[in-house]
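Note that chain A is present in both complexes that follow, paired respectively with chain B and with chain C.
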Partner chain A sequence: MDTLDSTTKLNSSEIFDLMKQFITEVIGEEFVEEMEITMESSFTKDLEMDSIEIVSFSEKIKTHFGEQIDFTGWLSNMDLDELINLNLGTIVNYIEECQ
Partner chain B sequence: MSKFLFVVPPFFGHISPTLSIGASLIARGHEVKWLGVIPVDAKHIPEGGAYIYPEADLAEYREELQQILKRQDDGPACSGPEVMKLALEETYVPIARIMMKGLGRFVDTWQPDVIVNDCITFAGALLAHIRGIPSVTTTPVPPDVMGDTANSAPKIFEWQENLVKSLQREFKVYGDDIVIHSRKLNLVFTSPEFAGIENPEPHMKFVGPVKGRPNHAAFDWARLERATTPKVFVSLGTLLVDIRAAFFQKLIDAFADAPVTIVAATNPDIFEKWPDNFIVNGFVPQAELMPMMDMVICHGGFNTVNDTFMNGLPMLITPIAYDHFHTAKLIENAGCGIKIRYKRLRIEDLKNAVFELLENPQYRNAALRIKETFIAAGGNDKAVQLLEEFAAAEQELVTFN
Partner chain C sequence: MPVINVEKRAVHVQELNKGAAETVLLVHGMFSNLSVYYFNIAPILAKHFHVVMYDLKSHGMSEKIADGYDLNSMTDDLSALLDQLELSSVHLAGYSFGGLISLKMAARFPDKVKKLAVIEAPDPNDDKTRDIIDEYSREFLEYYVQHFADTTKSKMGKRQMEKNHRMYEYLFHETSIKSDMIRERDFFSAAEIGHISQETLLLYGASSNCLEAGKTLKKKIKRVELMEVDGDHNVPIQQPVSIGNLMETFFKN
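Take a look at the complex of A and B:
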C-alpha cells in the first residue's frame, strides 16, 4: 500500500493521476477503459460511482494521505447540487490545498 | 369494526403489501378501501374492498401526473444525489399536492376511522393531520434508505425538511413538526435484524413480509415440473421498463443452454425467441412459484426480496437505482446473497455468482436465518393486531374526549 512521505507535496497533475488510479482500483480497469477520465469528469454522473464505490474511494484517500485530509467530512458538508456537480478537478484542488 | 383507508402511490411495489394487509382486515370484518392517483385493475383488489380513483378531482393534474410517471424512467440513469431529487422533489411532493383535493373529498364522504398512508404518499398522513383522523404509515422498504442525513449530511437533511415543510405550509400546516408520516404507528415490512436497525423508535413496528394479495396469473406448471436443472427465478419488478431488454440479453448470454432453468417474470415480447431453458411470462404467481425455486436474481425490488428470504433462498442482487443499493448492502451484511451492480455486470461474473450461490450452502443457510427473523416478526397477523389495537385505542380517546 502507498505510504505517505509527509515531506513531499504532490502537484495537481500528480494528484490527478493518483485519483485516476484510485478510481480504477474501485470500479475496475475494464470499466475505466470505456470512459475518458478528465478533470471535468463528474463523480456521480460521468464516472457513475455509487455510494459504496465513493466510500471505498474515500478510504483510499484516507489511507494515502492520513489525517491531513478529511475527505468524508468535506463531502458530508455538501448540498445535493454540489454533490451532483462534483468533478475530479474540484477534488484535486481540495487535496492540493489541504496538503 | 373499523373503516380503513389506504392511501397509495402510483407504484405497484408500494401498493402490493397494503393489498395483503387489506385482505386480512376484510377477512376480520373491517371495511377497507384504497385511494390512489392512477386506475388499478379490479383484479388486484381483495374481494370486499374497493379502489377509489378520484378521476374528476385529478383532471386538472392529468398532464403533470403523466410527466411525473414518465420521469421515473430516468431513474436508472441518475446518480445517487440526482435520484434523491427525482424522488422527493419531483415525485413524492408533487404527488401529495395532486392528491389532496380528491382525497379530501372522499374522506369527507366516507369518513374512515383510520387513514393508512404509504411512506412515500405524504397526502394520506397530511390530510389525516388536517382532519384530525388517526393515521398509520406503511413502509415497504427498510427504513433509513437515504441514510442518517441528519448527522451525516446536514445540508441534505435541511433540504428534505424544507421541501416537506413547504408542502405542509401550502395546506396551512404551520410549525416545525413533520406530519407526512404517522408518529404513532409505522408498519415496516421487514425484520429489524435484516434492516440492521438495533433500537427502533417505539412507533416503528417491524412486522416482516405480508402475503395474501390476489394474484390470478396463470402459469405452465407442467413445464416447470419437467425441468431437471436448478431453478433460478428472475424478476425486474414493475418499473424499469427501458432497461428490460438489455438486462435479459445479459442473462441469455450467460445462461442460454447452461445447466439451469431460468424462470423470468417479464413480457416475452422483448425477444423473438428465448432459449429452451428459459420459461418467460409477463405475469407470474410469484408467491406460489417461489417455494419451487433454488435461487433468485433481482435488482432489489423489495417485494421480491421479501418473497426470496421468506422462502430461504439465496439471491444475486443487481442494484440499478433508488433504494436498491441500500438493500444490496443489507443482503451482503446478512450473507444471504451476492451483489453485482447492474452497471458493472459482466457475463462471466454473472455466471460465477449464480453457480456460487447454487453450490455454496453458506448463502442458503444465511437466507434461512433471515427467514426465521421474518417469521418471528409476525406478518399479516401481527399487522392486523397492531391496526386493530390502534383503531380501538384511538376510538376510546374520541369517546373519552
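Take a look at the complex of A and C:
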C-alpha cells in the first residue's frame, strides 16, 4: 500500500479527500452514503459528529501528519460556538497552511 | 486508535505529554466519554503533567461489558489500568460518576492516589439520579436532550439520537448498571469516605443540584477544599478553562 510521505505537501483537494476518508472511517460508510460531504459541511450539524467521533478524527490527523500539525491544540483554542460551526473547509485550510 | 487490553478487555486510552514526571488521570461520567476532557481540560493539565484519559466500560470506544458497575468493580478496573500503564501513583480527577469512582479509588488504594479532585460527584442516595434510570424511554431522551442536556448535545441530529438511544438502551436494559448503582446508595455515609487522607479539591457548579453533595463531602473529608464555579452539573463543559486552571493549580502546588 502506498503511504504518503509526511513531507509531501498536499493541495486542498487532496486534503479534502483525505478528510473525507477519515470521516468515513469514523462514522461509517452507511451514513456517509446518505449525505453529501462538501467543504461547507459542518462537523456537528451536517455530519452529526459527536465529540468522541471528533477525538477519533483528531487521532487520525495526528497519526497521518505527526508533529507537523497540532490539530487538537488548534481545536482547544476554539470556543463552543466556533466548534459547533466548524466546517470542513476551515480544517482543510488550516492543514494546508501548517504544511 | 489507542485501544489497549486490560485484563482481556479493550479499553480506549488517550495520553498527552507522556514524558512528564507526574501523571494526572481523568475519569469521565456515566453516559459520557473521555472527550469531556480531551479538547480543553486535558491540554491545560498537559502543560505540566502526563495526562491519561480512558473510556469506562461500555462508554465511548471501550468494550461493552454486561456487569461490574459498582464502585468496587470500577476501581478494580482503574487499578488494573494503572498497573498496565506502569503507573504506581497518580493525581486523580473524576467528574460525576467518575468523581464517585475517584473517591472510592482514594479510599481503597491510597498508595496509588496522590491528590484527588472531585468534580460534581452526586450523592448516590439522591433519588433523582436513579429516577433518570427508572423513567428512561426514547421520549425521555428526546425531552432530556431538548431541555437539560449539555450544550454540545443540544444540536443532536437523527444519527446521534439513535446512537445515544442505543447506548442508553444497552446500559439500562442489558447491563447491571441500575442494580449496581442502587447498591451504592450509602456510599457517602460509609466510614471509608472519612478515611480519605489525600489532599482533596471539590469542584461544583454554583447552581448545580449536586452542590449539596459537595457540601456533604466537605464535612466528611479531612484535608479538603470546596470551590464553586459558575455553572450547573455540566460545569466542565460550560467552564472548561476555569476547571482546567483550578485543577492545574491544585495539582501543581
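Here, the second predicted complex is superposed on the first by the 93 of 99 C-alpha atoms of A that agree within 3 Å, B and C clash if a C-alpha of one lies under 4 Å from a C-alpha of the other, contacts with A are read in each partner's own complex, and residues count from 1 in each chain.
We adopt the following convention: a contact is a pair of C-beta atoms (placed from the backbone, for glycine too) under 8 Å apart; a residue touches a chain by one contact, two chains touch by 3 or more.
Since this is a predicted model, take the numbers as computed values, not measurements.
Residue contacts after overlaying the shared chain place A:84 against chain B and chain C alike. With both structures placed on the common chain, the touch criterion links A:33 to neither chain B nor chain C. In the superposed model, A:73 makes contact with chain C only, not with chain B. In the superposition on chain A, contact of A:97 is made with neither chain B nor chain C.
When the shared chain is aligned, chain B and chain C each come close enough to touch A:44.
Within chain A, the residues touched by chain B in the first complex and by chain C in the second are 27, 31, 44-45, 48, 50-52, 76, 80, 83-84.
Contact residues of chain C toward chain A in the complex are 1-2, 14, 33-36, 38-40, 43, 55, 60-61, 151-153, 155-160, 163. Contact residues of chain A toward chain C in the complex are 27, 31, 44-45, 48, 50-52, 54-56, 58-59, 72-73, 75-76, 80, 83-84. Against chain A, the residues of chain B that register as touching in their complex are 79-82, 84-85, 147, 152-156, 159, 319, 325, 329, 341, 343-344, 346. Within the complex, the chain A residues that touch chain B are 27-28, 30-31, 44-45, 48-52, 76-80, 83-84.
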